[in-house]
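In what follows, chain A forms one complex with chain B and a second complex with chain C.
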Partner chain A sequence: MTSQILPARANPPAAAPLRRFFSEYGHECVVALAILVLLVGVGLYNPRFISARNLGSIFSGNAYVAIAAIGMTILIVMRQIDLSVGALIGVLATISGSIAVSGAPIWLAWLAPVLCGMAINAVSGLLVAYAGIPAIVVTLGMMAVLQGGLISVTGGAWISNLPADFLLAKMAVFGLPMPLVWAIVLTIAAGLWLRLTPYGRSFYLIGGNAEAARAVGLPVRRRIVMAFVIHGAFAGLATLMFATQLQVIQSTTPPNLELLVITASVIGGVSILGGTGTVFGSSLAAVLFAAIGSALIFVNVSAYWQRAFIGALILLTVGADMLRRRRAASAGGK
Partner chain B sequence: MKIATPFGRSLALLAPVATVFAGFAQPAQAEWTGGDGQPTAPLACDGSPAEVAAVAYNGGAVANEGAKAGQPLKVVDVPKLIGIGYFDSTSKGVLKAAAELPDVTAITDGPTQANIDEQITLIDNYNPSGIDGILFSANDPVAIAPVLRKALAAGINVVGYDSDAEPDARQWFVNPSEFNGVAKSLIDELAADIGKDGSFAIVTSTFTTPNQARWIAEMEAYQQACYPEMTWLETVEAQEDNILSFNQATTLINKYGEELDGIVGMTSVATPAAAEAVTQAGLCGETAVIGLATPNAMKPYVASDCVRAAVLWDTTAMGYAAMQALHAAANGTLKAGDTSFAAGALGTLQILNGSQILLGAPTVFTKENITNYDF
Partner chain C sequence: MLKRHGHEAVLAVLVVGALFILSLQSDRFLTLDNLLNQSRLMAEVALVALPMTFVIISGGIDLSVGSTMGLCAILVGVLWQSAGLPLPAAIALSLLAGLACGLFNGLLIIRFGMPPLIATLGTLALYRGLAEGISQARSVRGYPEWFARLGQGDSWGLPSQVWLVLLMLAICGIVLGLTRWGRTIYAIGSSETAARFAGLPVDATKYAIYAATGLASAMAAIVFVSRVSTTRSDMGTGLELDAITAVVLGGTSIFGGRGTILGTALGLILVQTLENGLSLAGVKGDGTVVLIGLVLIVTLLVGALMDRRLRA
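This part shows the complex of A and B:
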């Protein structure tokens, strides 16, 4: 704590922007560092781990998690949460696949999950913002409705015989796999929008202190609904990368996907108490999960450890965040 | 401090990553193959039939046996999970038999994930609801037994298929195919693709899935006896999840490169996902894929000549036989001590191991016959 009492040490002016960058994006840097350490370490053990092909798998394999985590990050920054995102992606995948095999134009099969995601989440958002039901309750209910509805409607049948031009995730842009390109472009676009526009920054203001935000005239309720709708759009975009990767669509919701998405946001540095965190961190965290999953096979460790590792990461990150907040509070900061 | 704080909070993230490296420290131990460690009975390499020993009836007894003879039956079919093609097709068979039999109504209801707790809760909820029969495929043979015994004690007829419970917790079990028979088919088909000295890896569901662990143990025994030159590289788990199976298969391809001659998928989810991984890696013809799979899921890969053969029994026939067996047990036409069972349109099936109705040898789906099947 002494450094806060003492005047800041004089730094060469050139170092200041760098220093500010690290103080703002320190957490993201550490996640990136963790990925780097993993790549180098396992790469030394088995050079095939860092072959172009395996790097391609690592960076694009979890792209749909990264894309879904962008929307989740915005929600959590707003002190909201969505437990239904895994079920939602399962439902949207079935909607999209059904349209694709029905012979309707492919663009409709791509557009529908985004629009349906926004519509379904608008319902959750309205219930949270205007009926005042906590998001955890609303989205838990929504999860059950979506899961049950999906099984009842599909009767458990898979969708196969998907038309080849529907399989967006198998396409490439400038030689890069489509999921990777989408994850990068969407992360950067959302990250800049959240940081540079007043609208984007208002999410952080509301999440940090809703009373103050209301006092300065921000429409808090409308923004909450908006956050859910935006999150629904990203869930729809994630669905496109998820459902078009293989030639079949399972009619079950992907197991534990909501936890993976929420975890990516939290490990990426989003405080579960709202107000802080970036989409750069959550996307890096999604890559970290894929790298851990791949590394476990390369070093012959059971895939079940992946869950344990990720669980440990959650506890560490949230614990550290709580500690940091307590310290900041006792130091009179914030 | 202001700079150090975000790092201090985040450096903890590196700890689990470091733990991955702890894996390096251990010398490569005997490879875990995914088998269950139980005794095995590999078939003869040339396929000469094994001796069948007669075993006395060892299934469970239902309370008030015979009380349901000639009565209408309400049956609930509880697969391991719903929403996958495999159990979708067993359910079709159950419904087909129910439609043929007089006064039988059947519904399928199961957990949405292959989860034993959900499955137990579901059966527990059905038990007092006035049903007459339960068909099941167990997520765990031991854990499911008490709730099934409770059903038997309440006079509900219980028949398993696909994945068994402890024998005394059900009356009959429709065995899709004997484990050593499936193991032989898979390894023989694999050898046809990768040669007698090829290297292969396995993608299975989970550590504890009884069927997969049993098949793998039998495959290991058969491979060592009949193809000792083959190399078993490793076994990875992928639950019954499409994308995870695809990612695991892709990682195997990336890890072993040309050393990997073949991948064996142990679930109907893993096999098409492995075929997709090989296709996307551009290795069709280089890395073979063999495995248990429903024909519909494999048709694109067989058509593109990426996969030569897939192995499975007729799952619709399995559901059909289970429903027939339940009806026959309720009406007293299938009883302890029988050595064969007339399963409607399927004809006469053999009864093995006391209380198991054997469906037959597994079917090998190839380009020649795969279009004849639709499930």
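This part shows the complex of A and C:
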């Protein structure tokens, strides 16, 4: 039964390469297919939907969700969760913006959110790993602290007059919008790191079976703290793509952002039971959300129905995943 | 005694301490008027937090309560004003809808085997989305006079909705502490497999507690609509986190198997006392939120350390 303690995708059966790819990345393919169907379907109805300009704006405007979902995916693979990520991004945006308008060098305004994100999440990680308080409770408390702290420090004032060279998300690389490039590069880098390095794979081992991980000598508690810190770094990077889109930074945090990020991870195939899931899936799911939100407008459905669609989509995806898993389990039992 | 109810004792001391310190900060705090008004304001969270205690003791969680509340509030308004039903009928249908929302959560969790966190995360989006879609961001106003009595008036010397909370408190306390159903809930939370092998009605009990939570959310919605005389689709946003905070602060283990109604009641009182007392003492609302977050973390930290000491 070694397959129980190894990452679920580390040891695929020998098969034709294409079949092997589908059996390993079946879930990601389903999400990608859903995106494709949506793009073609809505594009036939209203060609303006698939214009390069519209697609570019919806994907780069939502790239920060995909980036934040990378860190969340690592956490959920480890059977942890972070409810405070929305509030954290709000706090980091304000920190970054305050530094930018204070006249300090711009690189400092870009670096600070990443470092602060790592430091704040290190506190959550330590409380979870060493004090033994469940992550859902620690991060619930952290959410209150960050949200309340942000408003009481800023007094609700917005930051405006941001220097033009601060607006990272407005820049382009080889003609592609910066947020899109970052989301793609970070997803691929994180995906390869998790899949190919022993360190990255240890997260799957711990999430799949913490006892076994401890038995083979992995420092489980240190890795849990590390997962929180890495997640904090991605929250900082997401903040950069979020806060530098507009001329102003609001002191309120985007409502329900944490749920959007968690949902992207889950729809992307990260099992909440730990041990499986990839960042490719979570990024694709973030793309899918962005596309759905925009598509509803292009087919003349009121945007107020958007959340109902996303909710139904979550339940369908998870339901299909449960069925697939049950079928796989009964097939394996024979 | 202290070993069994250590957490409740700590909480009770915290509540008394908070009452004492806060009454020194403002002479408007410890007055009958203020305390009655506070009990009115905490009614909606209390109605939801009490059955939520059952859900969390059973090892589950329900994130969809705030959205259920929003959907039920919208249904009252739309059925009454747009569909032209009499208000009592609209209220009854809205309560039924809350029950249905809870049962649907149960269906996803029990029949389809989804983890409760994920299933109710999905229904959180779904129910809120339905509320937004049905209402199209229009609010409903102009409720009749008699309806306001539930949320704004007094009955027998207390705010009307407080009687509803006390009734819910009594029912939940008795069911959890003194009946077979209550013990079944603890058994499910400790080990669902063992409970199943012991022949306990695991599935029926779980359906019942999710349905009860849905129904309670609908009741909270009606109390809320009556209190503010308006219906909007964003009602109850964040209610799930307030309710869970009160339950967990009350000593219920998020892993299940442990917790009491008394603890949840104390948790609710502590949160409301801090919010009100601090705002009267001149702390802005957001500073209060920070403190509640800190109290939550520190209480659990102390609890975890005490547990370790007791075991060692």
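Here, the second predicted complex is superposed on the first by the 303 of 334 C-alpha atoms of A that agree within 3 Å, B and C clash if a C-alpha of one lies under 4 Å from a C-alpha of the other, contacts with A are read in each partner's own complex, and residues count from 1 in each chain.
Keep this in mind: contacts are C-beta pairs under 8 Å (C-beta built on N, C-alpha and C of every residue); 3 or more make two chains touch, one makes a residue touch a chain.
These numbers come from a predicted model, not from an experiment.
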item: Combined model on chain A: chain C and chain B, fit or clash; value: clash
item: Touching partner for A:61 - first (chain B), second (chain C), both, neither; value: first
item: Chain B versus chain C as contact partner of A:192, first or second or both or neither; value: neither
item: Partner chain(s) touched by A:151 [first = chain B, second = chain C, both, neither]; value: both
item: Touched partner set for A:140, first chain B, second chain C, both or neither; value: second
item: Contacts of A:119 with chain B and chain C, given as first, second, both or neither; value: neither
item: Partner chain(s) touched by A:171 [first = chain B, second = chain C, both, neither]; value: neither
item: Partner chain(s) touched by A:255 [first = chain B, second = chain C, both, neither]; value: both
item: Most chain A residues touched (candidates chain B, chain C); value: B
item: Chain B versus chain C as contact partner of A:326, first or second or both or neither; value: second
item: First (chain B), second (chain C), both or neither touched by A:309; value: both
item: Residues on chain A lying within both footprints (that of chain B and that of chain C); value: 147, 150-151, 255, 302, 304, 309, 312, 319
item: Touch list for chain B against partner chain A, complex; value: 1-3, 5-17, 19-21, 23-24, 28, 31-32, 81-85, 87-88, 91, 108, 112-113, 207, 234, 236-239, 241-244, 246-248, 250-257, 269, 272-273, 276, 280-281, 296-297, 299-300
item: Residues on chain A engaged by chain B in the complex (per definition of touch); value: 1-4, 19, 22-23, 26-27, 29-31, 33-34, 37-38, 41-42, 45-46, 48-49, 51, 53-54, 57, 61, 147, 150-151, 154-158, 160-161, 170, 242, 245-248, 250-255, 267, 269, 290, 292-304, 309, 312-313, 316-317, 319-321, 323-324, 327
item: Complex contacts: residues of chain A adjacent to chain C; value: 81, 83, 127, 131-134, 136-138, 140-145, 147-152, 255, 259, 262-263, 266, 272-273, 302, 304-312, 314-315, 318-319, 322, 326
item: List of chain C residues in touch with chain A within their complex; value: 61, 108, 112-115, 117-119, 121-130, 132-133, 135-137, 233, 237, 241, 244-245, 248, 254-255, 284-294, 296-297, 300-301, 304-305
